[in-house]
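So that you can tell them apart, the chains are marked A, B and C in the order they are listed, and the count of residues begins at 1 in each.
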Amino acid sequence: MAKLFVFGIGGTGARVLRSFGMLMAAGVDIRCDKVIPILIDPDTQNADLNRTVEMLKSYRRLHDVAGAKSGFFQKDISKLADIDQAGAGKVKDTFTFDFGGINQSFKEFIHYSEMDPDTQSLMQLLYTEDNLQSPLTIGFKGSPNVGSVVLNKLIDSPEIRFFADNFRKGDRIFIISSIFGGTGAAGFPLLLKNLKNPDSGLQNAGDISSALIGAITVKPYFGLQSDNESVIDSNTFVTKTRDALAYYKNNLQGLQAMYYIADNPDNPYENRPGGASQKNNAHLVELLSALAIIDFMDYSDADLSGSTLYHEYGLKEDSREITFEHLYDDTKQKINKQLVQFKFFAKYYKDFISQDKGKNYFKSLNLDDAFANDGFHKELRNFLENKQWGFYAWLKELSVNSRKFSPFNLNTDNLNLLIRDKPIGNTWLKKGITHDGFVVRLNKEEKNQSEETDPRRKFLKMFYNVTEDFYNNKVPSI
Amino acid sequence: MKNIFRFLYELIIGRPQPPMETPLYRGEIFPDVGGITLLLVTFGMVAFYYYVLNHLLQTAIFSHWYHWLGVLGINAIIAFSYAVYYCQVNEATPDSYIYWFGVANAFYSGVFFLLFSMAIKWRSNNAAKTPF
Amino acid sequence: MCMKIRKCCFWIFIWVLSNSVISCSQQNETEQGGEAESCPVGPEPSVAEEVDTLNIIIETSGSMAGFMPSRGGEQTDFQMIVDNILANAESLEGNAIPNIRYWSAREKMYKEVYSRFSQMLRRGLRNPGSSSPIPQMLKNVSESFTGPDQVSIFISDFIYSPPDSRDRDFIANDIRRAISRVRQENFVVSVFASQSDFAGTFYPAERSSKPIRNCCSTAIPYYIWVMGPEEKVRLINREVIKDNYMEQVHFGFSPLSPAFMIIPGSGRSGDWYPADREGKVVRLDNAGDIREGGVMYTVGINLENLPGHVAKTEYLEDNFRLRVVNGEAAISRIYDRTQFLNQENINNKDRRLTECFSHYVTVSVTEVFDRNKNMEVNLVLGNELPGWIEAYTTEADSRIEEEGARTFSLNAVMEGAWRATGSQKGEFFNLNTTVDLSR
């Protein structure tokens, strides 16, 4: 069955995949059986990367329990190593690409000292001294000229070979990169070029080269505080973007769909060139970028058989603070229901469920014991509430970034006021969503799900069905 | 049926006192009080708890064990009162046995309440796991 | 908010429920009145509505003249009482008793008109005749003056002197022969004894002794015999004789079945309880109780229809006996109603019952032989000749003044009558109670 390989290149790739993971957790549908994210970033200390990886690992464990029919966490997101049908075990069991052995400077990487003086002079022309001296372990720090050289080596890595071994006809590829950074800007064209090369020497090179490939290139959407010391200067983002686009215009071949997205930077991020300190708040653009992956999979093979399709994203209404209202119907249809459901679930799980001792469903599922002893619930709580990469943290980050995306009131305990600007009416005639009402619905659902023998799966299904019922019958249309 | 109630009551409170009232207790009071309070009223209260309070009312606030125990207690009070009242109506000779009978009836009302609970709770939406 | 309202509703519901239970109970209490429990009734002895002919026969031989002296002065008790009987009978004449006939019995029966008869009684017996012996007279009365619609009241001193003093021992048989000739169905005899002052010549039965003139300072007994069919005799006894004699004895009456019932809550011990509505069966859950503490129960009996002498506690004490099957039991006490109410701690529920019974017999069961079978305890009241007969009897009446108010060989006379009527196999009644050990 069809798989989707998603290459997330650089910090932006990681952040988009983080949002993608959240959408998957919420149960947003994507038309493929399995998603295999591959995070490419030489900077293994990058906090954004690590947050995404942690999140994806957690997701994976939850999905293992949830299965394909629990609503939440239903889509299979696998590591590359998991799909190894040959069982060769040649790659590290992680979502990331192994750049082992590049803890050296760029100068050393290209064997600068062994070059003849003419070549050295050329090098000095092409690269600044900073470029040459900086260690590769923190990425390419906004220098595509460095990245393009290093990443060209990718094609020889065991991960790519492994990927190629497991590639099957009908699988699709999606590549996420930023155009204004270092790693992404450099890696994307290289990766594409290599994948499209039928003579690359990889297994299944023919299938890979004829595979349907989509990509999103994230144009600048944040600025960085000016810092004379830093090697990255956001003022160069636009220049770099323009240059890169010019390059793409002539040199990107074989893409079936190309997505562009950008935003006006408003509130500059702290300038962190990489490493553990590169930890940027989640941003609406990343969330929307993740939608590009889903959108790409919505197209049938036939739709993608012609010339490259180009997509840009637009808001229905410009605002510095985005809610569901500001999205076009297309987007709303994709994510509203699922996000609202997941939010209700997360809210209830965090703030209400502990009061339900003695309620029917609570006892039926033996939740007291499960909360204390079942790894699933620890994992779930972690996924929702982890301060670094959890769902709440993600929502919080989205809502404080600029532009803000704050579809939910994060500080209310009233379930009826959870959706910003769309309070659920609570009158005598038509009840809103109350804690008690929630319990009643859960109790009922617990009975309806009597055929489900796995209590954890039943737990997820119950919440999915109850929140779905609430969304359909209580929540005003948004 | 008569013999079942007779067995149950005499098991814990012994033969009717004074003995002259034996036919009255065995023939009328035991089966009547047992039938009405232990079977009818208790079943009604259990059904009320599980299917009115915890089903039709569409609320889960009464599903705790202490609500269940509360209804059981009320049922026991009804059982006690009705037993004593019924003895008086039937002009049973005043004796502490009447009150012991009330106590026994209250006790069995609790037992039957539990049994009926076990039997019918599973269909209740909000209290299928009450009291356990 | 909503939850609070629901909780409120809940408690209101509970409150209403409990209140309705309480008010319901109070209402019912007022509806329950004291429903009067009716007394158990035994079959009433049948009493005739009417006696076609009542013969009032007074012996008018010389020995009777002392009862009806022709001297002036006070009337004797005899005169008073017999006149009273006449008055009672006359009051019914034409209604319950269409015909009253008056006879004087001498060597044979002489029909008297009322005025003469009354005159004889009140003014004295001026011309006493010779008399025929008592058996003769009895035979005559029982054969000719009783019948399906005739009852006779025969008043005499019943001093029978057999023709030969050696015949004394045959008195009973003589009497028996005289009466047993009657072929009549349900022929009965009621005897009422009384005594009266006497002014005249007393003729002792002993042929060897002389008549005692100007007798007597002691009272002399006389007897009123009522003979005829059972129901009609009952009517006469009740309406004419009025039954108010201390000494009486009845022969030939059919056995009675007085109403009786085991009293559930009083005069008892042991863990028994009544097993039936009628109160004839005592049930024990555990037969061992009999040995451990003993079982006592009291039977209430209504003896109001019994002849007066029978309903006396002394008589009952002497003649009540138990016939027990499969065990041993004894009568521990016999009470009349007043004694019973005074002595016993009466259960309130039994108070209604105590209205129903005149006497109470407490039976104590002490032993059962076969625990798997029921015990039958029958309370039998023996029909013995009453004790007063002996007190009225003398074997020598020649010194009547010293003997007192006695009659020669009265016991033999009565025994004869008793045997003649084949009286009741020696029992007035037989009350059957059961101790049920089937549990």
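Brief remarks follow.
Going forward, a residue touches a chain if its C-beta (ideal position, glycine included) is under 8 Å from a C-beta of that chain, and two chains touch if they have at least 3 such contacts.
If you're wondering where the values come from, they're calculated on a predicted model, not measured in any experiment.
Of all chains, the one whose Cα centroid sits at the greatest distance from that of subunit A is C. Across all inter-chain contacts, the pair with the most C-beta pairs is B-C. Compare each chain's C-alpha centroid with the centroid of every protein C-alpha atom shown, and the nearest one belongs to B.
Taking each chain's centre as the mean of its C-alpha atoms, subunit B lies 57 Å from subunit C.
If each chain is reduced to the centroid of its CA atoms, subunit A and subunit C end up 119 Å from each other.
Per-chain Cα centroids separate subunit A from subunit B by 62 Å. Chain contacts: subunit B has residues 59, 61 touching two or more partner chains. Touching two or more other chains at once are residues 3 of subunit C. Across the assembly, subunit A contributes 436 as residues in contact with two or more other chains.
Partner subunit B is touched in their complex by these residues of subunit A: 358-360, 362-364, 436-437, 439-440, 443-444, 447. The part of subunit B that touches subunit A in the complex is made up of residues 58-61, 63-65, 124-130, 132.
Residues 15-16, 18-23, 53, 57, 59, 61-62, 74, 77-78, 81-82, 85, 88-89, 91, 93 of subunit B are the ones touching subunit C in the complex. Considering their complex, residues 3, 6-7, 10, 14, 17-18, 21-22, 25, 28-29, 32, 264-265, 268, 270-275, 283, 285, 347-349 of subunit C touch subunit B.
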